[in-house]
Amino acid sequence: MSDITLAQAQSAVAAALQKSKEIGVKMNIAIVDAGANLKAFARMENAWLGSIDIAQKKARTARYFDMNTGDIGNLSQPGGSLYNIEHSNGGLITFPGGVPIKDASGTIIGAIGVSGDSVENDHAVASAGAAAVS
Amino acid sequence: MSDITLAQAQSAVAAALQKSKEIGVKMNIAIVDAGANLKAFARMENAWLGSIDIAQKKARTARYFDMNTGDIGNLSQPGGSLYNIEHSNGGLITFPGGVPIKDASGTIIGAIGVSGDSVENDHAVASAGAAAVS
Amino acid sequence: MSDITLAQAQSAVAAALQKSKEIGVKMNIAIVDAGANLKAFARMENAWLGSIDIAQKKARTARYFDMNTGDIGNLSQPGGSLYNIEHSNGGLITFPGGVPIKDASGTIIGAIGVSGDSVENDHAVASAGAAAVS
Amino acid sequence: MSDITLAQAQSAVAAALQKSKEIGVKMNIAIVDAGANLKAFARMENAWLGSIDIAQKKARTARYFDMNTGDIGNLSQPGGSLYNIEHSNGGLITFPGGVPIKDASGTIIGAIGVSGDSVENDHAVASAGAAAVS
(Lines give C-alpha, C1' and ligand atoms only; values in the text may rest on other atoms or scores of the structure.)
Protein backbone atom coordinates (compact mmCIF):
# COMPACT_ATOMS: atom_id res chain seq x y z
CA MET A 1 0.00 0.00 0.00
CA SER A 2 1.35 3.43 -0.89
CA ASP A 3 1.15 5.56 2.20
CA ILE A 4 1.64 9.21 3.02
CA THR A 5 4.87 10.04 4.86
CA LEU A 6 5.06 12.33 7.87
CA ALA A 7 7.01 14.82 5.75
CA GLN A 8 4.20 14.84 3.17
CA ALA A 9 1.58 15.17 5.90
CA GLN A 10 3.42 18.08 7.48
CA SER A 11 3.75 19.81 4.10
CA ALA A 12 -0.01 19.44 3.62
CA VAL A 13 -0.58 20.96 7.06
CA ALA A 14 1.82 23.82 6.27
CA ALA A 15 0.08 24.56 2.96
CA ALA A 16 -3.32 24.50 4.66
CA LEU A 17 -2.09 26.86 7.38
CA GLN A 18 -0.67 29.20 4.72
CA LYS A 19 -3.97 29.19 2.81
CA SER A 20 -5.90 29.82 6.05
CA LYS A 21 -3.80 32.88 6.80
CA GLU A 22 -4.23 34.20 3.25
CA ILE A 23 -8.01 34.11 3.49
CA GLY A 24 -8.10 35.09 7.17
CA VAL A 25 -9.68 32.06 8.82
CA LYS A 26 -8.86 29.97 11.92
CA MET A 27 -8.78 26.29 11.16
CA ASN A 28 -8.35 22.79 12.57
CA ILE A 29 -6.41 20.63 10.10
CA ALA A 30 -6.18 16.82 10.25
CA ILE A 31 -4.27 14.39 8.04
CA VAL A 32 -4.97 10.65 7.95
CA ASP A 33 -2.88 7.99 6.21
CA ALA A 34 -3.91 5.31 3.72
CA GLY A 35 -5.28 3.26 6.63
CA ALA A 36 -7.48 6.21 7.72
CA ASN A 37 -5.44 6.60 10.91
CA LEU A 38 -4.39 10.03 12.23
CA LYS A 39 -0.98 11.10 10.92
CA ALA A 40 -0.77 14.85 11.68
CA PHE A 41 -2.90 17.58 13.21
CA ALA A 42 -2.72 21.31 13.90
CA ARG A 43 -5.16 23.78 15.45
CA MET A 44 -4.72 27.50 14.96
CA GLU A 45 -5.16 29.96 17.84
CA ASN A 46 -8.83 30.47 18.74
CA ALA A 47 -10.05 27.97 16.13
CA TRP A 48 -13.37 26.36 17.09
CA LEU A 49 -12.95 23.62 19.70
CA GLY A 50 -15.81 21.63 18.17
CA SER A 51 -13.87 21.42 14.93
CA ILE A 52 -11.11 19.26 16.43
CA ASP A 53 -13.34 16.26 16.07
CA ILE A 54 -14.99 17.41 12.84
CA ALA A 55 -11.67 17.93 11.03
CA GLN A 56 -10.60 14.40 11.95
CA LYS A 57 -13.98 12.93 10.97
CA LYS A 58 -13.84 14.74 7.60
CA ALA A 59 -10.37 13.35 6.89
CA ARG A 60 -11.43 9.82 7.80
CA THR A 61 -14.67 10.08 5.85
CA ALA A 62 -12.79 11.24 2.74
CA ARG A 63 -10.42 8.26 2.94
CA TYR A 64 -13.15 5.79 3.95
CA PHE A 65 -14.89 6.39 0.64
CA ASP A 66 -12.08 7.93 -1.47
CA MET A 67 -14.06 11.04 -2.39
CA ASN A 68 -14.64 14.57 -1.19
CA THR A 69 -16.89 14.64 1.87
CA GLY A 70 -19.30 17.02 0.17
CA ASP A 71 -19.94 14.44 -2.54
CA ILE A 72 -21.10 11.98 0.08
CA GLY A 73 -23.30 14.63 1.63
CA ASN A 74 -25.16 14.98 -1.65
CA LEU A 75 -26.17 11.32 -1.34
CA SER A 76 -26.97 11.25 2.38
CA GLN A 77 -29.88 13.68 2.36
CA PRO A 78 -33.43 12.50 3.13
CA GLY A 79 -34.50 10.36 0.18
CA GLY A 80 -30.90 9.97 -0.98
CA SER A 81 -29.22 6.65 -1.63
CA LEU A 82 -26.94 6.94 1.42
CA TYR A 83 -29.46 8.51 3.78
CA ASN A 84 -28.01 8.87 7.30
CA ILE A 85 -24.74 7.14 6.49
CA GLU A 86 -23.40 9.52 9.15
CA HIS A 87 -24.50 6.99 11.79
CA SER A 88 -21.79 4.54 10.71
CA ASN A 89 -18.15 4.33 11.77
CA GLY A 90 -18.67 6.13 15.04
CA GLY A 91 -19.91 9.21 13.20
CA LEU A 92 -19.14 10.52 9.73
CA ILE A 93 -19.11 14.14 8.57
CA THR A 94 -20.43 14.51 5.04
CA PHE A 95 -20.35 18.23 4.34
CA PRO A 96 -17.41 19.81 2.51
CA GLY A 97 -13.92 20.04 3.99
CA GLY A 98 -12.59 16.50 3.55
CA VAL A 99 -10.44 15.75 0.49
CA PRO A 100 -8.42 12.64 -0.49
CA ILE A 101 -4.66 13.14 -0.85
CA LYS A 102 -3.04 11.62 -3.95
CA ASP A 103 0.61 11.11 -4.76
CA ALA A 104 2.15 12.24 -8.06
CA SER A 105 0.88 9.07 -9.76
CA GLY A 106 -2.70 9.70 -8.72
CA THR A 107 -2.82 6.97 -6.05
CA ILE A 108 -4.75 7.92 -2.93
CA ILE A 109 -2.32 7.82 0.00
CA GLY A 110 -4.38 9.56 2.70
CA ALA A 111 -6.80 12.42 3.21
CA ILE A 112 -7.08 15.88 4.76
CA GLY A 113 -9.96 17.26 6.79
CA VAL A 114 -10.40 20.96 7.60
CA SER A 115 -12.97 22.61 9.88
CA GLY A 116 -13.30 26.08 11.32
CA ASP A 117 -15.21 28.35 8.96
CA SER A 118 -17.79 28.14 6.14
CA VAL A 119 -17.84 24.82 4.32
CA GLU A 120 -16.64 26.63 1.20
CA ASN A 121 -13.57 27.92 3.03
CA ASP A 122 -13.04 24.57 4.75
CA HIS A 123 -12.99 22.91 1.33
CA ALA A 124 -10.69 25.53 -0.17
CA VAL A 125 -8.15 25.09 2.62
CA ALA A 126 -8.36 21.29 2.42
CA SER A 127 -7.81 21.41 -1.33
CA ALA A 128 -4.76 23.61 -0.88
CA GLY A 129 -3.36 21.12 1.60
CA ALA A 130 -3.99 18.13 -0.66
CA ALA A 131 -2.48 19.94 -3.66
CA ALA A 132 0.79 20.45 -1.80
CA VAL A 133 1.36 16.69 -1.84
CA SER A 134 0.23 15.72 -5.32
CA MET B 1 -7.26 32.79 27.18
CA SER B 2 -9.75 34.56 29.46
CA ASP B 3 -11.80 32.12 31.50
CA ILE B 4 -15.02 32.30 33.50
CA THR B 5 -14.67 32.23 37.31
CA LEU B 6 -16.79 30.08 39.60
CA ALA B 7 -18.35 33.26 41.02
CA GLN B 8 -19.36 34.33 37.51
CA ALA B 9 -20.69 30.88 36.71
CA GLN B 10 -22.75 30.81 39.89
CA SER B 11 -24.18 34.26 39.16
CA ALA B 12 -25.23 33.02 35.71
CA VAL B 13 -26.92 30.00 37.30
CA ALA B 14 -28.67 32.23 39.84
CA ALA B 15 -29.94 34.59 37.13
CA ALA B 16 -31.18 31.63 35.08
CA LEU B 17 -32.98 30.16 38.09
CA GLN B 18 -34.59 33.54 38.79
CA LYS B 19 -35.77 33.84 35.19
CA SER B 20 -37.10 30.27 35.28
CA LYS B 21 -39.20 31.05 38.34
CA GLU B 22 -40.54 34.25 36.77
CA ILE B 23 -41.86 32.41 33.72
CA GLY B 24 -42.85 29.30 35.67
CA VAL B 25 -40.61 26.63 34.13
CA LYS B 26 -38.41 23.83 35.55
CA MET B 27 -34.94 23.85 34.09
CA ASN B 28 -31.55 22.16 33.96
CA ILE B 29 -28.79 24.78 33.75
CA ALA B 30 -25.16 24.02 32.80
CA ILE B 31 -22.15 26.33 32.57
CA VAL B 32 -18.91 25.43 30.77
CA ASP B 33 -15.64 27.35 30.85
CA ALA B 34 -13.50 28.64 27.97
CA GLY B 35 -12.15 25.11 27.42
CA ALA B 36 -15.72 23.75 27.16
CA ASN B 37 -15.32 21.90 30.48
CA LEU B 38 -18.18 21.81 33.03
CA LYS B 39 -17.92 24.62 35.60
CA ALA B 40 -21.35 24.70 37.32
CA PHE B 41 -24.71 22.95 37.12
CA ALA B 42 -28.13 23.11 38.78
CA ARG B 43 -31.37 21.17 38.25
CA MET B 44 -34.65 22.47 39.58
CA GLU B 45 -37.15 20.19 41.33
CA ASN B 46 -38.98 17.90 38.87
CA ALA B 47 -37.05 19.23 35.87
CA TRP B 48 -36.76 16.68 33.04
CA LEU B 49 -34.07 14.08 33.70
CA GLY B 50 -33.31 13.82 29.99
CA SER B 51 -32.36 17.47 30.02
CA ILE B 52 -29.35 16.92 32.30
CA ASP B 53 -27.38 15.76 29.28
CA ILE B 54 -29.01 18.15 26.82
CA ALA B 55 -28.23 21.22 28.93
CA GLN B 56 -24.57 20.21 29.09
CA LYS B 57 -24.43 19.42 25.37
CA LYS B 58 -26.02 22.79 24.56
CA ALA B 59 -23.43 24.62 26.65
CA ARG B 60 -20.56 22.72 25.04
CA THR B 61 -21.98 23.18 21.54
CA ALA B 62 -22.30 26.95 22.07
CA ARG B 63 -18.66 27.18 23.15
CA TYR B 64 -17.45 24.70 20.53
CA PHE B 65 -18.60 27.06 17.78
CA ASP B 66 -18.91 30.38 19.65
CA MET B 67 -22.51 30.94 18.62
CA ASN B 68 -26.05 30.28 19.85
CA THR B 69 -26.98 26.63 19.37
CA GLY B 70 -30.10 27.59 17.40
CA ASP B 71 -27.94 29.30 14.80
CA ILE B 72 -26.14 26.03 14.16
CA GLY B 73 -29.48 24.23 13.92
CA ASN B 74 -30.49 26.54 11.09
CA LEU B 75 -27.52 25.21 9.11
CA SER B 76 -27.78 21.51 10.03
CA GLN B 77 -31.20 20.83 8.49
CA PRO B 78 -31.55 18.52 5.47
CA GLY B 79 -29.99 20.35 2.56
CA GLY B 80 -28.16 22.75 4.88
CA SER B 81 -24.42 23.32 4.79
CA LEU B 82 -23.85 21.57 8.14
CA TYR B 83 -26.32 18.70 7.71
CA ASN B 84 -25.90 16.08 10.46
CA ILE B 85 -23.11 17.95 12.27
CA GLU B 86 -24.80 16.55 15.41
CA HIS B 87 -22.91 13.28 14.84
CA SER B 88 -19.61 14.93 15.82
CA ASN B 89 -18.06 15.49 19.24
CA GLY B 90 -19.93 12.65 20.88
CA GLY B 91 -23.24 14.32 20.12
CA LEU B 92 -24.12 17.97 19.67
CA ILE B 93 -27.44 19.68 20.41
CA THR B 94 -28.26 22.32 17.81
CA PHE B 95 -31.68 23.63 18.79
CA PRO B 96 -31.98 26.78 20.92
CA GLY B 97 -30.93 26.95 24.57
CA GLY B 98 -27.13 27.25 24.33
CA VAL B 99 -25.59 30.75 24.47
CA PRO B 100 -21.95 31.90 24.69
CA ILE B 101 -21.01 33.87 27.81
CA LYS B 102 -18.95 37.01 27.24
CA ASP B 103 -17.11 39.17 29.73
CA ALA B 104 -17.51 42.95 29.87
CA SER B 105 -14.99 43.38 27.02
CA GLY B 106 -16.92 41.04 24.72
CA THR B 107 -14.47 38.12 24.98
CA ILE B 108 -16.13 34.70 25.09
CA ILE B 109 -15.19 33.10 28.43
CA GLY B 110 -17.61 30.15 28.49
CA ALA B 111 -21.19 29.22 27.66
CA ILE B 112 -24.54 28.37 29.25
CA GLY B 113 -26.92 25.60 28.22
CA VAL B 114 -30.53 25.38 29.42
CA SER B 115 -33.01 22.57 28.86
CA GLY B 116 -36.41 21.75 30.36
CA ASP B 117 -39.19 23.50 28.46
CA SER B 118 -39.91 24.89 24.98
CA VAL B 119 -36.81 25.88 23.02
CA GLU B 120 -38.02 29.47 23.18
CA ASN B 121 -38.11 29.37 26.96
CA ASP B 122 -34.83 27.46 27.10
CA HIS B 123 -33.22 30.22 25.04
CA ALA B 124 -34.80 33.01 27.11
CA VAL B 125 -33.48 31.51 30.34
CA ALA B 126 -30.02 30.89 28.86
CA SER B 127 -29.89 34.48 27.63
CA ALA B 128 -30.82 35.78 31.08
CA GLY B 129 -28.01 33.70 32.57
CA ALA B 130 -25.44 34.91 30.06
CA ALA B 131 -26.52 38.53 30.51
CA ALA B 132 -25.81 38.34 34.24
CA VAL B 133 -22.09 37.95 33.49
CA SER B 134 -21.56 40.37 30.64
CA MET C 1 -39.05 8.56 47.33
CA SER C 2 -37.52 11.23 49.50
CA ASP C 3 -35.29 13.34 47.30
CA ILE C 4 -32.76 16.09 47.82
CA THR C 5 -33.95 19.59 46.91
CA LEU C 6 -31.89 22.04 44.88
CA ALA C 7 -31.62 24.23 47.98
CA GLN C 8 -30.18 21.30 49.95
CA ALA C 9 -27.80 20.43 47.11
CA GLN C 10 -26.60 24.00 46.89
CA SER C 11 -26.05 24.14 50.67
CA ALA C 12 -23.96 20.95 50.41
CA VAL C 13 -21.91 22.54 47.61
CA ALA C 14 -21.47 25.73 49.66
CA ALA C 15 -20.30 23.77 52.72
CA ALA C 16 -17.89 21.77 50.59
CA LEU C 17 -16.48 24.94 49.03
CA GLN C 18 -16.07 26.46 52.51
CA LYS C 19 -14.24 23.37 53.76
CA SER C 20 -12.02 23.37 50.66
CA LYS C 21 -10.97 26.96 51.30
CA GLU C 22 -10.27 26.22 54.96
CA ILE C 23 -7.84 23.42 54.12
CA GLY C 24 -6.46 25.15 51.01
CA VAL C 25 -7.48 22.77 48.22
CA LYS C 26 -9.07 23.21 44.77
CA MET C 27 -12.01 20.88 44.25
CA ASN C 28 -14.66 19.63 41.87
CA ILE C 29 -17.92 19.01 43.75
CA ALA C 30 -20.89 17.05 42.38
CA ILE C 31 -24.28 16.31 43.94
CA VAL C 32 -26.65 13.61 42.68
CA ASP C 33 -30.24 13.08 43.73
CA ALA C 34 -31.97 9.92 45.02
CA GLY C 35 -32.15 8.66 41.40
CA ALA C 36 -28.36 9.09 41.03
CA ASN C 37 -28.89 11.90 38.50
CA LEU C 38 -26.80 15.10 38.58
CA LYS C 39 -28.41 17.82 40.69
CA ALA C 40 -25.64 20.42 41.24
CA PHE C 41 -21.99 20.90 40.40
CA ALA C 42 -19.20 23.43 41.02
CA ARG C 43 -15.53 23.55 40.01
CA MET C 44 -13.11 25.86 41.78
CA GLU C 45 -10.54 27.90 39.83
CA ASN C 46 -7.66 25.75 38.59
CA ALA C 47 -9.14 22.54 39.99
CA TRP C 48 -8.05 19.45 38.03
CA LEU C 49 -9.96 19.04 34.76
CA GLY C 50 -9.83 15.25 35.09
CA SER C 51 -11.75 15.51 38.35
CA ILE C 52 -14.91 16.84 36.68
CA ASP C 53 -15.76 13.30 35.66
CA ILE C 54 -14.34 11.65 38.79
CA ALA C 55 -16.38 13.85 41.16
CA GLN C 56 -19.58 12.90 39.31
CA LYS C 57 -18.63 9.21 39.21
CA LYS C 58 -17.90 9.24 42.96
CA ALA C 59 -21.29 10.80 43.71
CA ARG C 60 -23.10 8.25 41.53
CA THR C 61 -21.11 5.35 42.92
CA ALA C 62 -21.94 6.39 46.49
CA ARG C 63 -25.67 6.50 45.70
CA TYR C 64 -25.59 3.40 43.50
CA PHE C 65 -24.53 1.33 46.52
CA ASP C 66 -25.54 3.62 49.42
CA MET C 67 -22.11 3.64 50.98
CA ASN C 68 -18.88 5.65 50.96
CA THR C 69 -16.91 5.01 47.79
CA GLY C 70 -13.82 4.04 49.78
CA ASP C 71 -15.77 1.17 51.37
CA ILE C 72 -16.45 -0.25 47.91
CA GLY C 73 -12.79 0.15 47.00
CA ASN C 74 -11.84 -2.13 49.89
CA LEU C 75 -13.87 -4.89 48.22
CA SER C 76 -12.82 -4.30 44.61
CA GLN C 77 -9.11 -5.08 44.97
CA PRO C 78 -7.58 -8.15 43.32
CA GLY C 79 -8.95 -11.16 45.19
CA GLY C 80 -11.75 -9.09 46.72
CA SER C 81 -15.41 -9.96 46.48
CA LEU C 82 -16.21 -7.09 44.08
CA TYR C 83 -13.03 -7.28 42.02
CA ASN C 84 -13.15 -4.84 39.08
CA ILE C 85 -16.69 -3.66 39.78
CA GLU C 86 -15.35 -0.39 38.29
CA HIS C 87 -16.12 -1.81 34.84
CA SER C 88 -19.88 -1.55 35.44
CA ASN C 89 -22.22 1.39 34.97
CA GLY C 90 -20.03 3.13 32.45
CA GLY C 91 -17.20 3.39 34.97
CA LEU C 92 -17.28 3.57 38.76
CA ILE C 93 -14.79 5.29 41.05
CA THR C 94 -14.22 3.35 44.24
CA PHE C 95 -11.59 5.33 46.12
CA PRO C 96 -12.61 7.83 48.83
CA GLY C 97 -14.46 11.08 48.07
CA GLY C 98 -18.04 9.88 47.51
CA VAL C 99 -20.46 10.01 50.45
CA PRO C 100 -24.23 9.40 50.66
CA ILE C 101 -26.34 12.38 51.75
CA LYS C 102 -29.02 11.68 54.37
CA ASP C 103 -31.89 13.84 55.56
CA ALA C 104 -32.57 14.53 59.25
CA SER C 105 -34.38 11.18 59.59
CA GLY C 106 -31.41 9.23 58.22
CA THR C 107 -32.97 8.45 54.85
CA ILE C 108 -30.52 8.60 51.94
CA ILE C 109 -31.70 11.33 49.56
CA GLY C 110 -28.65 11.68 47.30
CA ALA C 111 -24.87 11.71 47.39
CA ILE C 112 -21.87 14.01 47.06
CA GLY C 113 -18.66 13.34 45.18
CA VAL C 114 -15.49 15.41 45.57
CA SER C 115 -12.24 15.19 43.59
CA GLY C 116 -9.20 17.42 43.33
CA ASP C 117 -6.65 16.54 46.00
CA SER C 118 -5.57 13.56 48.14
CA VAL C 119 -8.31 11.00 48.73
CA GLU C 120 -8.21 11.91 52.42
CA ASN C 121 -8.94 15.55 51.64
CA ASP C 122 -11.52 14.59 49.01
CA HIS C 123 -13.34 12.53 51.64
CA ALA C 124 -13.08 15.28 54.28
CA VAL C 125 -14.63 17.83 51.93
CA ALA C 126 -17.37 15.42 50.82
CA SER C 127 -18.21 14.64 54.45
CA ALA C 128 -18.47 18.35 55.22
CA GLY C 129 -20.85 18.79 52.30
CA ALA C 130 -23.02 15.84 53.34
CA ALA C 131 -23.12 17.01 56.95
CA ALA C 132 -24.55 20.36 55.90
CA VAL C 133 -27.75 18.61 54.80
CA SER C 134 -28.29 16.05 57.52
CA MET D 1 -5.60 31.04 31.74
CA SER D 2 -2.32 30.96 29.82
CA ASP D 3 -2.51 28.71 26.79
CA ILE D 4 0.02 27.09 24.49
CA THR D 5 0.33 28.55 20.98
CA LEU D 6 0.46 26.50 17.79
CA ALA D 7 4.06 27.63 17.29
CA GLN D 8 4.98 26.34 20.75
CA ALA D 9 3.13 23.09 20.14
CA GLN D 10 4.91 22.56 16.83
CA SER D 11 8.29 23.26 18.43
CA ALA D 12 7.51 20.62 21.08
CA VAL D 13 6.59 18.13 18.33
CA ALA D 14 9.80 18.95 16.42
CA ALA D 15 11.95 18.46 19.53
CA ALA D 16 10.22 15.16 20.27
CA LEU D 17 10.77 13.96 16.70
CA GLN D 18 14.43 14.94 16.91
CA LYS D 19 14.87 13.04 20.18
CA SER D 20 13.08 10.01 18.70
CA LYS D 21 15.49 9.91 15.78
CA GLU D 22 18.49 10.26 18.09
CA ILE D 23 17.50 7.20 20.11
CA GLY D 24 16.12 5.31 17.13
CA VAL D 25 12.44 4.92 18.00
CA LYS D 26 9.16 5.43 16.11
CA MET D 27 6.70 7.53 18.02
CA ASN D 28 3.23 9.04 18.12
CA ILE D 29 3.35 12.56 19.62
CA ALA D 30 0.30 14.50 20.82
CA ILE D 31 0.04 18.01 22.26
CA VAL D 32 -3.01 19.30 24.15
CA ASP D 33 -3.69 22.88 25.21
CA ALA D 34 -4.56 24.27 28.65
CA GLY D 35 -8.14 23.07 28.20
CA ALA D 36 -6.89 19.52 27.45
CA ASN D 37 -8.01 19.84 23.82
CA LEU D 38 -5.84 18.51 20.95
CA LYS D 39 -3.50 21.17 19.54
CA ALA D 40 -0.96 19.23 17.42
CA PHE D 41 -0.11 15.65 16.51
CA ALA D 42 2.47 13.73 14.48
CA ARG D 43 3.04 10.03 13.82
CA MET D 44 6.35 8.78 12.49
CA GLU D 45 6.53 6.15 9.73
CA ASN D 46 5.62 2.67 10.98
CA ALA D 47 4.90 3.89 14.50
CA TRP D 48 2.36 1.70 16.33
CA LEU D 49 -1.22 2.42 15.28
CA GLY D 50 -2.49 1.60 18.78
CA SER D 51 -0.38 4.43 20.11
CA ILE D 52 -2.37 7.11 18.27
CA ASP D 53 -4.99 6.91 21.00
CA ILE D 54 -2.52 6.26 23.82
CA ALA D 55 -0.41 9.32 22.99
CA GLN D 56 -3.51 11.51 23.08
CA LYS D 57 -4.78 9.94 26.32
CA LYS D 58 -1.35 10.42 27.94
CA ALA D 59 -1.35 14.10 26.99
CA ARG D 60 -4.87 14.61 28.31
CA THR D 61 -4.15 12.66 31.50
CA ALA D 62 -1.05 14.78 32.20
CA ARG D 63 -3.07 17.99 31.84
CA TYR D 64 -6.11 16.59 33.66
CA PHE D 65 -4.03 16.18 36.81
CA ASP D 66 -1.06 18.49 36.13
CA MET D 67 1.54 15.80 36.69
CA ASN D 68 3.52 13.17 34.79
CA THR D 69 1.32 10.21 33.88
CA GLY D 70 3.75 7.80 35.54
CA ASP D 71 3.22 9.53 38.88
CA ILE D 72 -0.49 8.76 38.65
CA GLY D 73 0.30 5.15 37.76
CA ASN D 74 2.22 4.80 41.00
CA LEU D 75 -1.01 5.59 42.88
CA SER D 76 -3.45 3.55 40.75
CA GLN D 77 -1.98 0.10 41.43
CA PRO D 78 -3.94 -2.50 43.43
CA GLY D 79 -4.04 -1.23 46.98
CA GLY D 80 -3.08 2.29 45.91
CA SER D 81 -5.09 5.38 46.76
CA LEU D 82 -6.27 5.90 43.15
CA TYR D 83 -6.86 2.25 42.21
CA ASN D 84 -8.64 1.97 38.86
CA ILE D 85 -8.79 5.73 38.21
CA GLU D 86 -8.23 4.70 34.58
CA HIS D 87 -11.98 4.03 34.31
CA SER D 88 -12.74 7.74 34.46
CA ASN D 89 -12.79 10.37 31.73
CA GLY D 90 -13.45 7.87 28.95
CA GLY D 91 -10.17 6.12 29.70
CA LEU D 92 -6.94 7.43 31.18
CA ILE D 93 -3.41 6.18 30.54
CA THR D 94 -1.32 6.24 33.70
CA PHE D 95 2.04 4.77 32.69
CA PRO D 96 4.92 7.08 31.70
CA GLY D 97 4.93 9.18 28.53
CA GLY D 98 2.66 12.10 29.46
CA VAL D 99 4.30 15.31 30.72
CA PRO D 100 2.83 18.77 31.48
CA ILE D 101 4.17 21.64 29.36
CA LYS D 102 5.09 24.81 31.25
CA ASP D 103 5.90 28.26 29.94
CA ALA D 104 9.01 30.19 30.99
CA SER D 105 7.25 31.35 34.17
CA GLY D 106 6.39 27.81 35.23
CA THR D 107 2.67 28.03 34.43
CA ILE D 108 1.20 24.86 32.92
CA ILE D 109 -0.08 25.74 29.43
CA GLY D 110 -0.70 22.25 28.03
CA ALA D 111 0.80 18.77 27.93
CA ILE D 112 2.58 16.30 25.65
CA GLY D 113 1.89 12.59 25.32
CA VAL D 114 4.24 10.16 23.56
CA SER D 115 3.68 6.50 22.78
CA GLY D 116 5.50 4.01 20.57
CA ASP D 117 8.31 2.30 22.47
CA SER D 118 9.26 1.41 26.05
CA VAL D 119 7.70 3.66 28.69
CA GLU D 120 11.19 4.86 29.56
CA ASN D 121 11.76 6.00 25.98
CA ASP D 122 8.23 7.39 25.74
CA HIS D 123 8.93 9.51 28.82
CA ALA D 124 12.34 10.63 27.57
CA VAL D 125 10.87 11.81 24.27
CA ALA D 126 7.95 13.54 26.00
CA SER D 127 10.34 15.31 28.35
CA ALA D 128 12.44 16.51 25.41
CA GLY D 129 9.31 17.89 23.78
CA ALA D 130 8.16 19.68 26.93
CA ALA D 131 11.63 21.13 27.54
CA ALA D 132 11.62 22.78 24.11
CA VAL D 133 8.80 25.07 25.25
CA SER D 134 9.83 25.94 28.78
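Just so it is clear, A, B, C and D label the chains in written order, and each chain counts residues from 1 on its own.
Going forward, a residue touches a chain if its C-beta (ideal position, glycine included) is under 8 Å from a C-beta of that chain, and two chains touch if they have at least 3 such contacts.
What you are looking at is a predicted structure, and each value in this text was computed from that prediction instead of being measured.
With steps allowed only between chains in touch, the distance from subunit A over to subunit C comes to 2.
Chains that touch both subunit B and subunit C: D. Counting C-beta pairs in contact across A-D and across C-D shows that the higher total falls to C-D.
Although subunit A and subunit B carry the same sequence, what matters here is overlap: shared residue numbers make up under half of all numbers found at their interface. Taking each chain's centre as the mean of its C-alpha atoms, subunit B lies 32 Å from subunit D.
Separation between the centroids of subunit C and subunit D, computed from CA atoms only, is 29 Å. Here the spacing of subunit A and subunit D, counted between their Cα centres, is 25 Å. Those residues of subunit D in touch with two or more other chains are numbered 33, 35-37. In terms of inter-chain touching, the protein chains here follow a pattern that is not a line, ring, star or complete graph. Chains touching one another, given as pairs, are A-B, A-D, B-C, B-D, C-D. On the subunit A side of its complex with subunit D, the touching residues are 5-6, 9-10, 33, 35, 37-45, 49, 52. By the touch criterion given at the top, residues 35-36, 60-61, 63-66, 78-79, 81-85, 87-90, 92 of subunit B touch subunit A in their complex.
Listing the residues of subunit D that touch subunit B in their complex gives 1-3, 33-37. Contacts from subunit C toward subunit D in the complex involve residues 48-51, 53-54, 57, 73, 76-78, 84, 86-87, 91-96, 118-119.
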